[in-house]
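Some structures are shown below for you to check.
Two complexes come next, and they have one chain in common, subunit A, joined by subunit B in the first and subunit C in the second.
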Partner chain A sequence: MLYYLLEHLTHMALLMVLALGLNLINGYTGMFSLGHHGFFAVGAYAAGALTLAVTPAAPSLGVGLGVFALSALGGVLAAAAFGVVVGVPCLRLRGDYLAIATLGFGEIVRIIIQNTEALGGARGLEVPYLLLTRGVDTQLPYVALYAALALLAVAATVWTLRAVLRSNHGRAMIAIREDEIAAELLGVNLMKYKLAAFILGAGFAGLAGALYTHFTTQIEPREFGLLKGIYILLYVVLGGMGSMSGTLLATALLYILDKMLLNLLPPEIQAWREVAFALMLVLVMILRPQGILGQKELYQTRLWRRLFKRASPAEAPAP
Partner chain B sequence: MTPTPLLHAQRVTKRFGGLTAVADFNLTLLPGELVGLIGPNGAGKTTAFNLITGVYAPSEGHITLAQQPTRGLTPDRIAARGVSRTFQNIRLFDAMTVLENVKTAYNLNTRYTFLDAILRTRRFRDEEDLIHQRALDLLRLFRLEDDAHARADSLAYGEQRRLEIARALATQPRLLLLDEPAAGMNAQETEELMAMIRDIKTRFDLTILLIEHDMRFVMQLCERIIVLEYGRIIAEGTPQAIREDPRVIAAYLGDAAEGVELPPQEPHHAPG
Partner chain C sequence: MSYLLEQLLNGLSLGCIYAFVALGYTMVYGIIKLINFAHGEFFMVGSFTGFFVLAFAGVERLPLPYPLSLVVSFSLALLASALASALLAVITERLAYRPLQHASRIAVLLTALGVSLLLQNLGIQVFSAEQKGYPELRQYVAFEDAPALQGQTFDGPAYVVFEVESALGDTRQEQAFIAQPGTPFDPQALQEHKHRRLHGAPIDGFYIERPIDVLWKKLLIIAALVIAFAALWLLVHRTQLGRAMRAVSYNPEAARLMGIASGRVISATFFIGAFLAGIGGLVWGMRYGKVEPFMGFLPGLKAFIAAVLGGIGSLPGAVVGGLILGVLEVLIPAYLPSEYTGYKDGVAFIVLILILLFKPSGLLGRWEGEKV
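Then we have the complex of A and B:
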């Protein structure tokens, strides 16, 4: 039971990293990217290819650790580099046009991988176990290790994005979302900050991809399809564009709901759960277009204050 | 010897398709001047602002800023050269706090990198402290410090206009363009605004070009006034000269303007 929980926790945490990165692009900087799964794929395949290229036949733990770190870094840098490659031409576009261009990018990545024999083509890529072997008796430590790594990645993402958003660089990004023209006239370099948001978001998607490759040890192009991109977008939109805790909350809720439906529904109607998700997105857009938390963080909500800050004098009504 | 002009626009023309929004626009601003740009709606005043700040590129003619041509520069680069502005239809960063609005405008002078911010280096902390202090000082000057942590769109209209000026000053400009700063203000607020503009002009050593429909405001505040009609300058001179110029009276009030008066002359306020 714990094993399954940790397995799911790992997948969920990696989705959180993806969604947080997309939230920086779509939620905080106000662009509309639909290609986040493309960066995820680049990170996963870069890490995979790098691992296959450098791993010796029977790696020791030290070597395994080195390869792991190297490939993770490679995944991040490759995805970030793709952020530049896609960003420079595409970021001149706005709104719908940017969405379509990035969507096209995601598809191109998948199709190129699918047709590149060196990357395993449609069969996919298989990498060796590096840190721990996932055998019958080591299953639990294996998933525990990756759950810990994935949660660490979430923490690192939240930390980094929070630090950026509370700096003048982050303010410039939010200013672009609020009013692009005013931001530019006040000295904000639009291209620089849009690109920075793109690179940061892509880099974290690359990190998620690298961890995903090492965790599952088998990746296939079809896992990185548009549907993945739409799911990530759904987490961001449902949680609230411009709210990190909202993204985390929505990812957890939707992931759990998805798995519950998968297990509870009889097999013949399981495919309907995607309909349920689409329906949910429509309902959210009608009933609460700003998402669960809007642009607030969890600790800024009224409910949170009522629960945890009752005694705080700052919250007492003014006399 | 005449001082070097801060801004020089020479025969600037801007066409949108068949429409000529600004034609043959000439303007020389000397350092320290306070000049008003007036004219009926649609005369091309805001277009002139957009040309100076680089939102539009001129179709013809050229603009120099401290003798450097601005052609080809993006608005943020022109802002970096010392031009800042406010907007006719207020453009604040609504979802940000009042303080953050001002802090954002320090972006031009932010030296720390993304990495500094992520690692919270000394450079980052020192600079953020400085930005914080300066932003608060500006808010204090505009009597907005009590609302520093309120959302910008929660401010009253007149306060939003003041915040826009505070934010524009945070870029540390030499040339400040104010697009209808008194719009929507009552008589008392307008009076205060005038004092405030005089104050910041000396305090920050500014050159100011402003668009305004409130004639009393322009006549009292500005040393020189330029009148635009249909994209062309039809008159230029001291408030006194503009008030008596028959072309201006005609432009504002139509040709049948006999017997209609522009606002009475006020006792002259010494600038600065």
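Then we have the complex of A and C:
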């Protein structure tokens, strides 16, 4: 049972890293990207290919650790570099055109991977276990290790994004979202900050991809299809574009609902899950287009204050 | 026919189908600035409707002489496909897009994606996920007319359809072939099937498949696009509705102030666009021989790319873009070494990115700039 929970926790945490990265692009900088699954794929496959290229036949723990770190770094850098490749041409576009161009890039990535024999083609890529072997008796430590790593990645992402968003750079990005022309008139270098947001978001997707490769040890191109991209987007939109805690909350809620609770229902009802999810996306857009939290963070909501904070001095009634 | 000419014709007929779908994309985008991702699903529903009409509605049993009966059943399938797709589009617009009239562009775009996913998955539930073979046009021959056909050969198989009862007591339909394509027909072969029953009544005739020659199919597709485009052109440029559509697309606020019921005009745009997509769906099914719930997504996306290529909002642009895209998509893999054929689907996306980078207004469009 613990094993089962930890396994799901790992997947959920990786999705959170993906969604947080996309939120920086979509929610904070206001660029509608539909190709986040492409960055995820680049990170995953770069880490996988790098691992296969450098791992010796029987790696010791030290070597395994070194390869792991190297491939994770490689995944992040490859995805970030791909962010530049996509970003430089695409970021001149806006709105729908940007969305459809990034979607095109995401599809091209998948088609290239599918047709490259060196990356396993449609069969996929299999990498060796590096840190721990997932045997019958090491199941629990294995998933526990990766759950810890994935949570660490979430924490690192949140911390980095918070630091960026509280800096001048982050304010420049938010200014772009609010009004591009006004931001430019105030001296914000649009291209620089858009590209920075793109690279940062892509880099986190690469990190998630690298961890995903090492956790599952088997990746296939069809896991990185447009549907994945839409799901990530759904987490961001449902949580509220421009709210990190919203993204985390929505990812957790949807993941638990989709992958854990629905599995308890009878199969006839489960068959309708995709229909229900699509319907939910449409209904959220119609009824609450700003998502659960909008642009607020969780601790900024009224409910949170009422539950966890005594009236702050400013709000306390004067004696 | 030379290889190049044949590939060119393949590309043009594929491009015509893209154009059928792209026209709807471009009309909807022109009028409410929405990339209607669900448009590919309207195409899918049109294709499935045609499938059901041709396979199960029994239109070939209408009492008509032979070549005419094929034309009639094809026309009915065409009409049904187009109308089913168009009605679905109007309902979708009403329920999903109309409430978001004043919402942000991103919200509407996401809704469109959601509707697309929703229709695909509903399609799986309703039609099942497995691929189905598309029926050829067929002729129904009553048993008493069979002797007149003695000794003739047909391009398709002739068969009877009947019910068999399994050991468990449930019934299922089966086919028994009485003449293979190319062999002379012998009415004697019917004798052993005459006692068989279907839907509780004895069967009274058999079917002959009359497949259209592939070359003819390609030419007919091209002819159909020419007719449809001419009709659309007249509609948009010579009727009151067309004028209203152009007005709303030019400036929705001003059009409303001039007394144009823009809601109704938008509905009509969806109807016409999806009507064409439904025709495209039927034609696609007959040309490529199969239907499945996901069939609309990729052609839909490519048709959108075709619309962007030709200049979004421009009707001739959608046709030109569709044709260019179809030809490129057939010719490029045809002249590359065979290990690159897997990249076929990538052609469209590369075209998209190139056109967005170098001429975002498209070949025939006007770039109005982003409105702020």
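By definition in this document, the second predicted complex is superposed on the first by the 306 of 319 C-alpha atoms of A that agree within 3 Å, B and C clash if a C-alpha of one lies under 4 Å from a C-alpha of the other, contacts with A are read in each partner's own complex, and residues count from 1 in each chain.
Operating definition for what follows: a residue touches a chain if its C-beta (ideal position, glycine included) is under 8 Å from a C-beta of that chain, and two chains touch if they have at least 3 such contacts.
Keep in mind that what you see is a predicted model, and the values were worked out from it rather than measured.
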item	value
Clash or fit (per the criteria above) of subunit B with subunit C on subunit A	fit
Partner chain(s) touched by A:56 [first = subunit B, second = subunit C, both, neither]	neither
Touched partner set for A:141, first subunit B, second subunit C, both or neither	neither
Which of subunit B and subunit C A:181 touches, first, second, both or neither	both
Which partner reaches more residues of subunit A (counting touched residues only), subunit B or subunit C	C
Angle, in degrees and to the nearest 10, that opens at subunit A between the C-alpha centres of subunit B and subunit C	90
Partner chain(s) touched by A:164 [first = subunit B, second = subunit C, both, neither]	first
Touched partner set for A:237, first subunit B, second subunit C, both or neither	second
Which of subunit B and subunit C A:89 touches, first, second, both or neither	second
First, second, both or neither for A:172, with subunit B first and subunit C second	first
CA minimum distance (subunit B, subunit C), superposed complexes, angstrom	11
Subunit C-contacting residues of subunit A that also contact subunit B	181
For the subunit C and subunit A complex, residues of the former touching the latter	33, 35, 96, 99-100, 103-111, 113-115, 117-118, 120-122, 124-125, 301, 304-305, 308, 340, 342-343, 345-346, 349-350, 352-353, 356-357, 360, 370, 372
Residue numbers on subunit A that touch subunit C, as the complex places them	26, 32, 89-90, 92-97, 99-101, 103-105, 107-108, 111-112, 114-115, 180-181, 227, 230, 233, 237, 241, 271-272, 274-275, 277-279, 281-282, 285-286, 289
Contact set on subunit B toward subunit A in their complex	53, 55, 74-76, 79-80, 84-85, 87, 91-96, 100, 103-108, 110, 112, 114, 116-120, 124, 128, 131, 167-168, 170-171
In the complex with subunit B, residue positions of subunit A that touch it	159-160, 163-164, 166-172, 174-175, 178-179, 181-190, 196, 200, 242, 295
